[in-house]
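Here's the structure we're looking at; comments come further down.
In order of appearance the chains are A, B, C and D, and numbering begins at 1 in each one.
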Amino acid sequence: LAREEAFEARIDAGDFIEAKDWMPEHYRKTLVRQISQHAHSEIVGMLPEGNWITRAPTLKRKAILLAKVQDEGGHGLYLYAAAETLGTSRDEMTEALLSGKAKYSSIFNYPTLTWADIGVIGWLVDGAAIMNQVPLCRCSYAPYARAMIRVCREESFHQRQGYESLLTMMQKGTDQQKAMVQDAVDRWWWPSLMMFGPADKDSPNSEQSMRWGIKRVTNDQLRQKFVDATIPQADILGVTVPDPALKWNAERDSYDFGDIDWAEFWRVVGGEGPCNRERLAARNKAWDDGAWVRDAALAHARKQAVKQEAA
Amino acid sequence: LAREEAFEARIDAGDFIEAKDWMPEHYRKTLVRQISQHAHSEIVGMLPEGNWITRAPTLKRKAILLAKVQDEGGHGLYLYAAAETLGTSRDEMTEALLSGKAKYSSIFNYPTLTWADIGVIGWLVDGAAIMNQVPLCRCSYAPYARAMIRVCREESFHQRQGYESLLTMMQKGTDQQKAMVQDAVDRWWWPSLMMFGPADKDSPNSEQSMRWGIKRVTNDQLRQKFVDATIPQADILGVTVPDPALKWNAERDSYDFGDIDWAEFWRVVGGEGPCNRERLAARNKAWDDGAWVRDAALAHARKQAVKQEAA
Amino acid sequence: MDAKTTYVLRLADTCLIHSQRLSEWAGHAPVLEEDLALANIALDLLGQARALLTHAGQLEGAGRDEDQLAFLREERDYRNIILVELPNAAASPSDGGGGRDFALTTLRNAAMAIWLELLFDRLQTSLDNELAGIAAKSLKEVRYHRQHSSDWVVRLGDGTDESRARMQAALNVLWPYFNELFAADGVDGVGPAWDELEDEWRARWATLMQEATLTLPRESAMQPRGIDGIHSEHMGHMLATMQFLQRSYPGGTW
Amino acid sequence: MDAKTTYVLRLADTCLIHSQRLSEWAGHAPVLEEDLALANIALDLLGQARALLTHAGQLEGAGRDEDQLAFLREERDYRNIILVELPNAAASPSDGGGGRDFALTTLRNAAMAIWLELLFDRLQTSLDNELAGIAAKSLKEVRYHRQHSSDWVVRLGDGTDESRARMQAALNVLWPYFNELFAADGVDGVGPAWDELEDEWRARWATLMQEATLTLPRESAMQPRGIDGIHSEHMGHMLATMQFLQRSYPGGTW
């Protein structure tokens, strides 16, 4: 009990917790859940974007997309490493993802249907992710905070690239291209707003996480911030968002916006989105198809160890 | 010996042999080899053409090609049936194809690289096949002769469709399309001439087959006939064949033409053509992947039989 | 595009894309007889698609013929149900559709044939005479498809342990996509809302599954929206292949 | 197109198509580290392709840039070796390239990296300064690729019985296509005939195979001719995907 009080005091003082430090079991569990969920999102997120690498319209865009997907794998890698400092192995986390037990960001359960989706994902989805993640750079658990600093830097880069590609299409593209961008915005806008999670009143885990400094800002606060930051960017692009209720509120110095379709939100979270099954199937297939490779690598390493001992 | 003499006499008299009739073992073997080789050619021939069904440029052309490939499967089916009348099962013949023991027409070891290849295969490859096969409609073995009558009728239809599609491209198409047709003719011309087999002086089986009425015209005679029939068609199309030695010989009332690259011929026959390995791999994969289906069909049939007995 | 044109186009595209997927089997079937049968079904569906696309083009009145509709639209303008665009193997979404699973193909063929039989039967009495004529002709064809595919479903479901497992796995993959078979609105005098077919389709399907000793999965809340142009990630790859020649050689005559 | 331009284009297209195939792995590798490594190799090859294509365009002098060369040629004008266009799994020719076989991919990567290392090493002293510069930069990259892929070849060859069998099967499939690594003519002052690399490549390959406990197949007389634009049937499907956007949205700015 004393330890717990000391822990809480450190948190209150704004101290960072390191892997070797004592921490309450619930704090540890909450962190593992959150970090691994984030890692899984990076891994699953490679699929909808990877879907367009072979069809990128120019070699420059192909290189940018390939590098971005590679970065996402890298994020997955150091987030898994951060979670491993808490005593859960990457294999355990992977197993939880593949069995459907662990969650990942629902946004990746929507399909990428046109090339413009790639730009819009960079702009809106990475934008929303950054909004969610910047506060985590001050998360109380230091290894996670350090990972997030690097992740956020790279995500910002991706977001700018995505926005720039949309700007190119809107400013120099054909009418068909412009229509393609608008269509992509229409499809991704609401799912992007859903990325901030349920409304605060329906978000039971939030309070404890806030107190522990794992979460720093509420879902609804972040969502509002995202809308306020994004609408001016949409104006510059020359696209509209599919929300007739959207209106500048001078009093609040913020945008008012319409209601999220929470039925859809819960349906997709619950596994019935357009691509949930396919995403998990793809990850499971990659894992199953790769079993012989991992087995062989292990067997070879053992043989080498035996040889070295013998020598 | 008396039976053999009687058999020879029937052949000499132009009689047809039926499945129930006695025949020399070598006659039977030669026929099985030839008919099954022909059947295999139809089956393997589905692959290079099937390669373009999903990319056919119009729905009409897609329907024509799909129907053509289906016809080839049908030819395979009744040719296997004709061979089965000689006491060899379809499974045995299939096994010989899949293991590489049995041959099929080498022409199908060349890739279909453009849509024009489909038209040119219809015109030249089916044209050459018909030239080879028409005499077989008078083959001494009646079931084979009957199968060939139907095959030839359908092949002629395919040939006309192929030629017509080339004519459309050459007469109404863009310059790019015309170049595509010429390129396809350049690639398929020599392999088509090779379809008549080695030169007569290098074709040891021919004599016996001629005597038995299994073969009716020699390789070189057929090849000459093909060239003579085809060059005027090429003129109408507006394409040239890639043979600088080609020249009308008024004395022979025939075209002279250049030497076939027999080194290439034997390389492809020997298994080292551009697609030999892939064709066999595709057939083996289809067969292996289908094993569970064939097993299940058998198992179900047995269950039904048991039920009927019990009833 | 008005409701009537959209209604016809949804059916036209569904036949077209179904045929396109089936045609990938040419030369790769487990037995030669099935090479012929699958090609035959693909050909019939292609014929239906051509008649329906031509009719949709006439209804639209913008001068587009079957080929312009089949080859020169953007993905978002195709209105087929997602079920028929799924690869022939239950592969991962970015797998390109290379594999061929006879279990999945056979089950889908049966599901589609039962559905098309119910729909074409009703469309025979459409006040749109052209559509009624197409339906009457097509009905005969899909009856044969239904019979042939159902026989195979039973054979493979009630075959070996392996074949039953494969069929059950394929059923589990396809199941949520069946929801879209009942998703389109009807148009008065033209054709019924698709959900009018649902009870009968589900009854027939349940009977078939029972005969095939397969287990119906629990109901899925998935809402595929191919009929609104929201496709799966497979569609784009399929169209890249299908449209290749028309896109690469504009103005060609074939 | 003159011999020099063709010489550069063959290498450029080979890097381009190799990269394109590798990029199909994104998100599907057997371990996360290999997702990163394969993407990294694909990126390096893409960078090499871009520099070489740009240079080929300049040599050609017809004003074509990297994208026009990469996306707007007909299949017959691509000059890459067939080895790199083969699908990532040793699938049937009309399989569309859906599968991914890590054995085949790894072996091909190793074979290509050894070859590129030998070629870029020689091209460093090309009298074509631009080409020499590209080669010097690329050499560092392919050295790493060679090391990484060779390590995996040994690990998988000398791993389990299953992994050895898979590697041997992949080697048997790729083997005849290696012939094309030595098929192109050289251009005086620009770069060597590829057959000048053959002895050294075969020696290194034999050493690697020995370390990986794999057996060299008997010599093949196959003569792949991708460098003359005679490709495999896989190439067209790959290009339909790769060119899709440029073909479907002519005049677009991306």
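Here, a residue touches a chain if its C-beta (ideal position, glycine included) is under 8 Å from a C-beta of that chain, and two chains touch if they have at least 3 such contacts.
Just so you know, these numbers come straight off a predicted model, no measurement behind them.
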| item | value |
| --- | --- |
| Chain labels contacting chain A and also chain D | C |
| Centre-of-Cα separation between chain D and chain B, whole angstrom | 35 |
| Between chain B and chain C, centroid-to-centroid distance (C-alpha), Å | 34 |
| Separation of mean Cα positions, chain D and chain C [Å, integer] | 39 |
| Multi-partner residues of chain D (at least 2 other chains) | 24, 27-28, 74, 91-92, 94-95, 236, 240-241, 244 |
| Touching two or more other chains - residues of chain A | 47, 50, 55, 176, 282, 285-286 |
| Contacting chain pairs - touch in the sense defined above | A-C, A-D, B-C, B-D, C-D |
| Contacting residues of chain C [partner chain D, same complex] | 24, 27-28, 74, 87, 89, 91-92, 94-99, 236-237, 240-241, 243-244, 247-248, 250 |
| In the complex with chain A, residue positions of chain D that touch it | 20, 23-24, 26-36, 39-40, 42-43, 46-47, 49-50, 53, 66-67, 70-71, 100, 102, 154-156, 158-160, 162-163, 166, 241-242, 244-246, 249, 251-254 |
| In the complex with chain C, residue positions of chain B that touch it | 43, 46-47, 50, 53-63, 66-67, 69-70, 73-74, 76-77, 80, 115, 165, 168-169, 172-174, 176-177, 282, 285-287, 289-297, 299-301, 303 |
| Chain B-touching residues of chain D, taken from the complex the two chains share | 74-76, 90-95, 173, 176, 220-225, 230-233, 235-236, 240 |
| Residue numbers on chain A that touch chain C, as the complex places them | 47-48, 50-51, 55, 111-114, 176, 180, 183, 187, 267, 270, 272-275, 277-279, 281-282, 285-286 |
